[in-house]
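Same chain, two partners: chain A is paired with chain B first, then with chain C.
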Partner chain A sequence: MDFLTVLPTILKAMAMGAVPILLASLGELFSERAGLVNIGLEGLMAIGAFVGFAVAKMSGNLWLGLAAAMAAGVIVNMLYAFCTVTLCSDQVVTGMAINILAPAVALFGYNLFVGSDPANATGAQMPSIAIPGLSELPFVGGALFNQTLLAYLAFLLVPLVSYFFRHFRAGLSFRSVGENPHAAETLGIDVVRMKYVACVICGALAAAGGAFLTLCYTPIYIDGIVMGRGFIALATLIFGRWSAVGVLGASLLFGFFDGLNVALQAQFQAAPVMFFKMIPYLFTIVALVFFGSRRAGPRASGQPYFREQR
Partner chain B sequence: MSKKTSTSTPVLLNRRQALALGLGGVGTLLLSACGGGGSTGTDGAPADEGSGTTGYRVAMIMSGTITDGGWDQGHYESLQRALAAHPSWELLEPKENTADADAAIAAQSYVDQDVDLIIGNGNQFASDWAEVVAEAAATHPGVHFLITNTDPASEMSDYETLDNVETVLPDFKQTGSLAGVVAGLMTKTGSIGFIGGMRLPSTLTKYASYLAAAQKVNPDVQGQYNFEAGFTDASLGTKLTEQWIASNNVDVMWGDASAVDNGARQALESAGADDHFAIAQPIDIMGDDQPTVITSTVTDWMIGQAMDEIEAGSFGGGKAITGNMSNGGVSLGAFSDKIPADIQSQIEEYASQIEADAFLTDDEVAAIQATL
Partner chain C sequence: MAKEAISAQERRERALMVLTPLVSVLLALVVGAVIIACLGKDPIEGYRAMLQGSLGDLSKLSKTLERACPLVFTGLCAVFAYKCGVFNLGGEGQLIMGACATAATILGLGGEGVPALALGLLAGIVAGALWALLPGILKITRGLNEMITTIMLNYVALYFMEHIFKNVFSDQGLPKTVALPAGVRLPKLLGAHVGVIIAVVLGLVVWYVIFRTSFGFKIRAVGMNPVASRVNGFPVRRLVLLAFIISGAIAGLGGAVELMGKTPFRLAAGFGAGFGFDGVAIALIAQLNPIAALLVALLFGILSTGGIMMQSVIGVPTAIVDIIRGMIIIFTVAGMASIKLPQLRALIASWGSKSTEAEASA
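Let's turn to the complex of A and B:
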């Protein structure tokens, strides 16, 4: 296998593969910074994928589809928010319930939407935009600088989110809520309201990550389209040590190994495909074992907040 | 400290009470929904009470949807064609998205309704339905089962009885040969690709025939393949095809992997729809919304023949109905304008030879299959 020949395609797969994971992981970053461990990302991405596909198909407007997907993600995540913030139920269990409910709702909606007309099963796809000059760079130009606008926006979010958490009072409030909500409460921060805002942002971004799959990757929706990316997003957050830049790096690494897996499948056809398919997931496990540490995360993450508790 | 309760204090729910109330409400809704039947429920409304005196009823159970653009849509369209030719038959609502764990229950629900013909889309149902078939033979002798893409000898050897079962097996050599002839004549780079969802004997036969036929018309053709892409990850189809285009100059693709084929077509379109082509399978999807598709290999699942046999009382015995070019089970779809007229004529000439089994020998196919 000539590595230089396959490298541009691997890099393109890396960039495309990283975007949905990056968006979902950034959403989870807001959620966990506010002390909420939301493992329902898989379900949120599924609902975003379907709603984005359906609204874009009906309206003919891909951005309207994206907006509708984000709204749907917020609505579904409000269920999570109510259960975990107001009712103080177990966050992991509630997240799993979202993972069961949301994809089922998405599939039900899809069956209603498509009906028996196959023409409804294929939607529109966002065009790629080449950045002049940069897209002509050898090896990396066409792969990294010829993406959809949504992909560029996702990458742009990284420095914005990083700046937000470091230099904005609201960002500091988020972080304090996730570290010690009782102390934050005594300082006048409305902890419950912060957690709900975090859920809104998490729902919107995770659903946007799902919508990317049906609006930018392939213009179809199918049951199981998320393919475990929601859980990978959780892992990238841990591997990225709860920082936006770290999450970007982890997402790109996973995307790179996923692209490498496909390149190896394409070139070594006689070899068992399953060995190559394991590569990105083995990387995830190794990364978590050696670099993942729950101690690096918000101290109060995953713990229910009882306002009256002292 | 004693608790004081004011008589004027409104009754508020605590967390447990709120959770219980919510769960109870959800449970009530679910029970009422189940009782009313789902969107693609197992209960169809029978035209008559029991199996009709003059009418027959047919049901189809599938793991995907009728609009998946591939496997199950092909089955559903075959069923629609059969129904059009058999007006005495009524279709119950198809059972979509049936998981393996639910396959037996789904079939049993139709057995209980004395549905005349229950169709299972694919050989995964062969292993799931063994007990249902055995019990139905004893208690509901008027119920018949048709399982597609299944070899009774190898995949139903544990069945207690095959009296009420038949299968359908398309001629995969003909399917692959037709695609191979088109690919061999249309490729400019001499490099063609194939994506299969699972490493099944049928998949290997299709690819071996595909490559052998392509090399028959163009000895310089090389083939790229992947037999384990699954059926749902369209992005994998995109990435695989992009790799082959970049490193192997693949310019014609054929697939047997449903949604993954859709992803492959996206990659071909990005590379240039005027010189990168796709051959669709198993339904004819050639049209303006598919700019890379130049033709399709179409499979008809011979449901009409099964209906004829049921009406005549000759259905059963574990017979495998073969779908081929002679009986319409295998065919080529419409040609795109991108196939020049002279090449279309060549394809039709080769298709005649394929139908007469005079184009490829079994040894030629086996020679390639042995290398896979």
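Let's turn to the complex of A and C:
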């Protein structure tokens, strides 16, 4: 296999594979910074994928589809927020409940949507936009600088989020809520409101990641389309060390192995392709083995917050 | 006097713990009915069709039991692991690997009759246990989050099964394995395969082990407070690893039973799909009680087989039962959390003390 000839394939698939993970992972970053471990990303992505697909198809406007997907993600994640923040339920259990409920709602909606008119099965796709100049670079240009606008926006989010958490008052408040909510409360930060805000952002971003799958990746929705990406996003956050830049690097690394899988499949068509498809999942485990220390996370993450408790 | 008050409160809390899932099921069915009504269909007719399609006669009942059977295994797999504080989401992968091992031993070695049957079941148990051992080792040595690793291994197992049914034991090049020979299929009893009985017995055994043996006590202690357990001299890491292995073995046995018991007796795309998360849902709704898990699995079986009949009678997609299932678990989680809230606890306690006062005066 000549590396240089397959490099564009890998890079193209890397950028495509990284975006949904990146979006979901950035959403989870907000959530965990505010002390909420949300393992319901998989479900949020599923609902985002379906709503984005259906609304874009119905209205013919891809951005309306994206907006609707994000709104749906927020609505579903409000269920999570209500249970975990207001009722102080177990975050892992609640996230798991979201993972079971949200794909079911998406599947039900899909059955109604496509059942009413089989022509609905194939949706619309975002066009790629080549950046003049950069996209003409040899080998890497066509692969990296010829993306959909949503992908560019996702990558643009990284410096914004990073700056937000470091230099904005609100960003620092977020971090204090995740580290020590009681101390944050004494400083006049409304912890409960902060957590709800985090859930709104997390729901919107994770659903946008899901919508990317149906608006930019493949033009169809199928049950189980998320394929564990929600959980990979959780892993990405861990080996991205809870920072936006780290998450970007980890997402790209994951995307690279996804791209390697695609390139190997194209290269060795006679070989059992299933083993190539295992690569991203095995890589996630291996990466966690080396960079999986849980200690770097926000200290109060995962714990319920009782305001009256001392 | 003080002791009595505590026990009365405890009794109330236990009653609430049983009541919450029951109320959740009812609420979820009501939500389901509202959705059906919104689509302009008759929910009562729909639910009648559901009951008829799942429990209407012996053949339907046996179909429901066979549908519930693998869910009992994945449900017990989840229950056992969570009791030890291990959030094993890999029931599906462990079940699939169990079924792959069963298929490989039976189709690879040949053989018929009871020895082959026993060997097939054993292979399933061992493969399931090994598939859970890996995340177990990663957890106790590297502290890796088992939720992520087990989910990743689910997908690896899925692709491995694809390899088995496409390349290794493919039926004339089709994407499915050769069907198991008649001599190694589980015998039938009243229309359902005996795996159902294995599942029920296993539920009782798991209940006994968790609640009536010292090993089960240690498992529960580690699940409640690993630090206190370590201080107490319990081998926490070994117990956690054992919880992984046993829960994986349960799921693996489920895979073997599903393959050897249920038509078409072969691996193909979609085998075991969704069983893992259903098992998690069952464990959570059942409040980690193995016997309750049997009942919840039966409920899931009724919803699944009945949902097909409901679709054909009133024309609502079967995914409505997935929504109902999801609502049950959301309501249960919210309900269990809210009865533990300090404000509501105080309310319940005051309401309870009034009733005991009333009892005392009467």
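Throughout what follows, the second predicted complex is superposed on the first by the 308 of 310 C-alpha atoms of A that agree within 3 Å, B and C clash if a C-alpha of one lies under 4 Å from a C-alpha of the other, contacts with A are read in each partner's own complex, and residues count from 1 in each chain.
One rule holds in what follows: a residue touches a chain if its C-beta (ideal position, glycine included) is under 8 Å from a C-beta of that chain, and two chains touch if they have at least 3 such contacts.
Quick caveat: nothing in here was measured; it's all calculated off a predicted structure.
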Combined model on chain A: chain C and chain B, fit or clash: clash
Contacts of A:112 with chain B and chain C, given as first, second, both or neither: both
Which of chain B and chain C A:259 touches, first, second, both or neither: first
First, second, both or neither for A:274, with chain B first and chain C second: both
Chain B versus chain C as contact partner of A:211, first or second or both or neither: neither
Partner chain(s) touched by A:6 [first = chain B, second = chain C, both, neither]: first
Touching partner for A:94 - first (chain B), second (chain C), both, neither: second
Which superposed partner A:79 touches (first chain B, second chain C, both, neither): second
Partner chain(s) touched by A:227 [first = chain B, second = chain C, both, neither]: both
Contacts on chain A seen with chain B and repeated with chain C across the two complexes: 87-89, 107-108, 110-112, 115, 224, 227, 274
Residues of chain A touching chain B in the complex: 1-2, 5-6, 8-9, 12-13, 16-17, 87-89, 107-108, 110-112, 114-122, 125, 213, 217-220, 222-225, 227, 259, 262-263, 265-267, 269-270, 273-274
Of all residues in chain B, those that touch chain A in their complex: 15, 18-19, 39-40, 65-69, 73, 96-97, 224-228, 232-240, 242-244, 246-248, 259, 262-263, 266, 289, 372
List of chain C residues in touch with chain A within their complex: 39, 87, 89, 138, 142-145, 147-149, 151-156, 159-160, 162-163, 166-167, 273, 277, 280-281, 284, 317-320, 322-323, 325-327, 329-330, 333-334, 336-338, 340-342
Chain A residues within the chain C interface of the complex: 39, 79, 82-83, 87-90, 92-94, 96-105, 107-108, 110-112, 115, 224, 227-228, 231-232, 234-235, 238, 272, 274-275, 277-278, 281-282, 284-285, 288-289, 292-294, 306, 308
